[in-house]
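Chains here go by letter, A, B, C and D, matching the order in which they are written, and residues are numbered from 1 within each.
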Amino acid sequence: MLLHVCQQMIGYTDILTEADKAIGDGDHGIGMARGFEAVSQKLAAGSYASLDQLLKTAGMTLITSIGGAAGVVFGTWFRDGAKNLGGVTALDARVLAAWLADGLAAVKERGKAKPGEKTMVDALEPAAVTSSQVAAAPLDEALAAVTEAARTGMEATKDMIASVGRAKALGERSRSHPDPGAVSTYLILKSMWEYAAEVMAPGQ
Amino acid sequence: MLLHVCQQMIGYTDILTEADKAIGDGDHGIGMARGFEAVSQKLAAGSYASLDQLLKTAGMTLITSIGGAAGVVFGTWFRDGAKNLGGVTALDARVLAAWLADGLAAVKERGKAKPGEKTMVDALEPAAVTSSQVAAAPLDEALAAVTEAARTGMEATKDMIASVGRAKALGERSRSHPDPGAVSTYLILKSMWEYAAEVMAPGQ
Amino acid sequence: MRKAKKILNDPRNVVPEMLDGLVATYNGRVRKLDGVNAMVRTDIPAGKVALLIGGGSGHEPAYHGFVGDNMADGAALGNVFAAPTPDIVLEATKAVHRGKGVLYLYGNYAGDILNFDMAAEMAAEEGIEVRTLLIRDDVASGPIENRRGIGGAMLAVKIAGGAAATLGTLAEVVDVTSKALDNIRSISVALHAGSIPETGQFTFELADDEIEIGMGVHGEPGVWREKMVPTDTLVDKMLEFILQDLPFKRGDEVCVLVNGAGSTTNMELLIANRRTLQVLAANGIVVHECVVGSLFTTQEMAGFSISLMRLDDELKRYYDMPIRSFGWTKW
Amino acid sequence: MRKAKKILNDPRNVVPEMLDGLVATYNGRVRKLDGVNAMVRTDIPAGKVALLIGGGSGHEPAYHGFVGDNMADGAALGNVFAAPTPDIVLEATKAVHRGKGVLYLYGNYAGDILNFDMAAEMAAEEGIEVRTLLIRDDVASGPIENRRGIGGAMLAVKIAGGAAATLGTLAEVVDVTSKALDNIRSISVALHAGSIPETGQFTFELADDEIEIGMGVHGEPGVWREKMVPTDTLVDKMLEFILQDLPFKRGDEVCVLVNGAGSTTNMELLIANRRTLQVLAANGIVVHECVVGSLFTTQEMAGFSISLMRLDDELKRYYDMPIRSFGWTKW
């Protein structure tokens, strides 16, 4: 599944470049592409006994390959989100909820961004909240709801004025454009959902 | 008359810029404008007892104000051309012939350019030759012939390959464009003729 | 849309390739760290307080070009306009540390803070004391905590480098550098954008007849946009912002940096410098020295910044020290 | 047609205004001559052989930015891309002369020769001995007598400056400088043109996807035009011309200058430097030192040049001397 996310995110480079050009410095697309390219190489290199090992490795790889604000932010989500996943080996809606909840907490702790400040937090928080509500549902249904929540949160960033990160400087000018990191957050979850629905579900 | 030449040459700035852009570095127009602007200010400043004093001053002023190759070349023509004009006070066809002949000689001596090397010499030489043939004619008629000779010489530079000066470097690429200095030479004489024909002649 | 015209190899390798070319200009006085985009001096004395600078690449010679004698001991390089990752900063930290602690000095950008802070935590786990100072010289970017680091950063690095080469403890170096930072003010003007090698795209658009005062090095918005104006009119406006901000007073002594953004000509910078000195003289401000050059660039961005640092005897002593680096050499 | 976007006052005053701004960066070590666009050192020792350089403006920091300690004693400035007039050169000559004669060192351009020669004649009339050496380092401009002076000129000025600061007679300085000139070779590549402030027009046109190898600093034609290529491919071609021209042989020792034309980024220059050193190493040529920067520009022209100077012990001695000037400082 993570491999699919990597491929998708690399494919979204131009969309994210445009989003960051509009309110930032235009490097978000190449940064995410660089990061998920590195993750897919890491995955190819070794096999992982447990899911938390996999996510921690992926997170650390994002942190050490993306750079900029996004590297730490998204890497922290992936890595620290997995800190309470014990040795689980399969992803289900409950695991997803824990990963998003702990990831969100860690990102907020690290980045000091509050909801409404036009960051990826505005997409990740609704996703985490929804995820905890559908923790008993089948994974593909849960991811469908979580993705929709992230999308709504991402859309909402259009009406926000950036007060954190590079885009902060744009203040008023950032209005009416979505936050690039929020877009990435939505696209990451969307890719997971696609995979769960199209690849895993049929198999179950 | 010289004042009229100054005004005209300043007016030709763009034509000369274009000519030098085509085969040189594009500064001939502003250089000549700078030079003749300086000359007209000199003229305004003081009055001159004799023609040779006037021309020597104008020549020295061109040398010290234009810069580049043209400053020395055109200044030498004006200044050294006047070296045998004793204390003549009025310009006639004979004086014109002496000024062009001595000026040409001095320019060739200083610049080492031979006819056919695509420089102002290719316009000045035919002008000097013609001038010596019409030395007995009225000034306006003489200038008409001299101007026509300079124009023909200037036109001929289109078929030449520059082998002297900044444009030299262009070699083949300089073909089919006239030499900017030759254009200036023609325009200077043309301005003198206009003045002789329109302003002086009627008065005589 | 117009793309940038540049001579490069694979744009994804610009940083390591550029770093090789940069290290080579040091004739062995600096080396690249294996595996990470960081460079450090080869001759850092034992027991020296270390100065580490860094940030995104693409601003050459800033920051990495200011590693050198009486300047920074090392630099951590990110990709173009992207903060260096924590592992790069950590490796560089270990490489420059000589037992007396490390001062992190860099511009106030969210990405840099997130990455340098994470590295500082890792360094602490390894028993390395790290102190951090943020460069916030751009008066056009709002209240002090929001201010960005621009051209004046180079003056801060010079003072910090001199202090780190002279003083015995990290705390003392921090004090002197803080004083320098408190006394530096800058303002910039942008004419056109620089581009990111990997995308070939310019980071912002500005009309052919427009300039923007206070625009950030990545296109962050400034104080206002207006039509082209003559140097003197523009410099007068820019200095108004700086002078009233500190404020600089009659009798103050300063050093001046007129910094080019990349493609702005030396001719324009020198003419701006001329006006700057006229205005300072008219305000009774004494100029100790003025520096003109493109020290902090944004690729081929056009524009320039003016920075002033108010000096006292202590700061002047460090400013006057000879330095030797790719970006700035003085004796 | 696209016009250049620049911040200037009246374009007709760029030279004197720029000169004011330039002299100010010297902190009193250089002064402007009254009435003419020339600058000279304030501390030229009695009995010193004098070195005078100059040419058209617009190439800053060349040439006038290379007046300074162990560099030139003075510079005569023309208008943008136009040789200085004889009176300027003469005034500068008188101001730098200390009884031991004056060396004129400048690029091989018709306008410069005509004006400096006329000044030399006037100086002779005043009893000042003048010797002239032309810089002809551009291998792309045909037979030696036609070759133009480009980036390598700065290496020649460095050697001449060192020699003039050290040796007792004009003849000796001429000998050393001639040897340097015989051992310098350069080649350039152009990406787009610079503009003339007074007309706002670019001096030549080059398609968005085209470069021209060997193109002169004023758009003089080069060896060939081609589509954009990667740095390594381009540098390999450029060095081929230089290496075979001297020719440089296995075991030769050289110093290297990778010079930017104006708006080309340090990043591009440093990556070109990296490849240059790789190629030289592969050819068994020893690099004594490499310098990367925009020392000889043509306004906002994009492109760069590579220069090599073959060294022997004598040239190395002068090359290694510390220098201090606006354009190049070394210790």
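Simple rule for what comes next: contacts are C-beta pairs under 8 Å (C-beta built on N, C-alpha and C of every residue); 3 or more make two chains touch, one makes a residue touch a chain.
All figures in this text were calculated on a predicted structure; none of them were measured in a lab.
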Intersection of the contact lists for chain A and chain B: none
Maximum centroid distance from chain D, chain identifier (CA atoms): A
Geometric centre distance via CA averages, chain C-chain B, whole Å: 54
Where chain C and chain D are represented by their mean Cα positions, the distance between them in whole Å: 28
Averaged-CA centre spacing for the pair chain D and chain B, given as whole angstrom: 33
Multi-chain contact residues (two or more partners), chain C: none
Graph class of chain-chain contacts, one of line, ring, star, complete, other: line
Chain pairs in mutual contact under the definition given at the outset: A-C, B-D, C-D
Chain A - residues contacting chain C, complex: 17, 21, 24-27, 29-31, 34, 63-73, 110-111, 164-166, 168-171, 173
Complex interface listing, chain D residues touching chain C: 3, 5-10, 14, 17-22, 24-25, 27, 57-58, 60-61, 65, 189, 191-192, 197, 208, 211, 228-232, 234, 262-274, 277, 289-292, 294, 297, 299-300, 302, 304, 322, 324, 326, 329-331
For the chain C and chain A complex, residues of the former touching the latter: 12, 56, 78-87, 109-111, 114-115, 118, 141, 146, 148, 196, 198-199, 201, 203, 216, 218-221
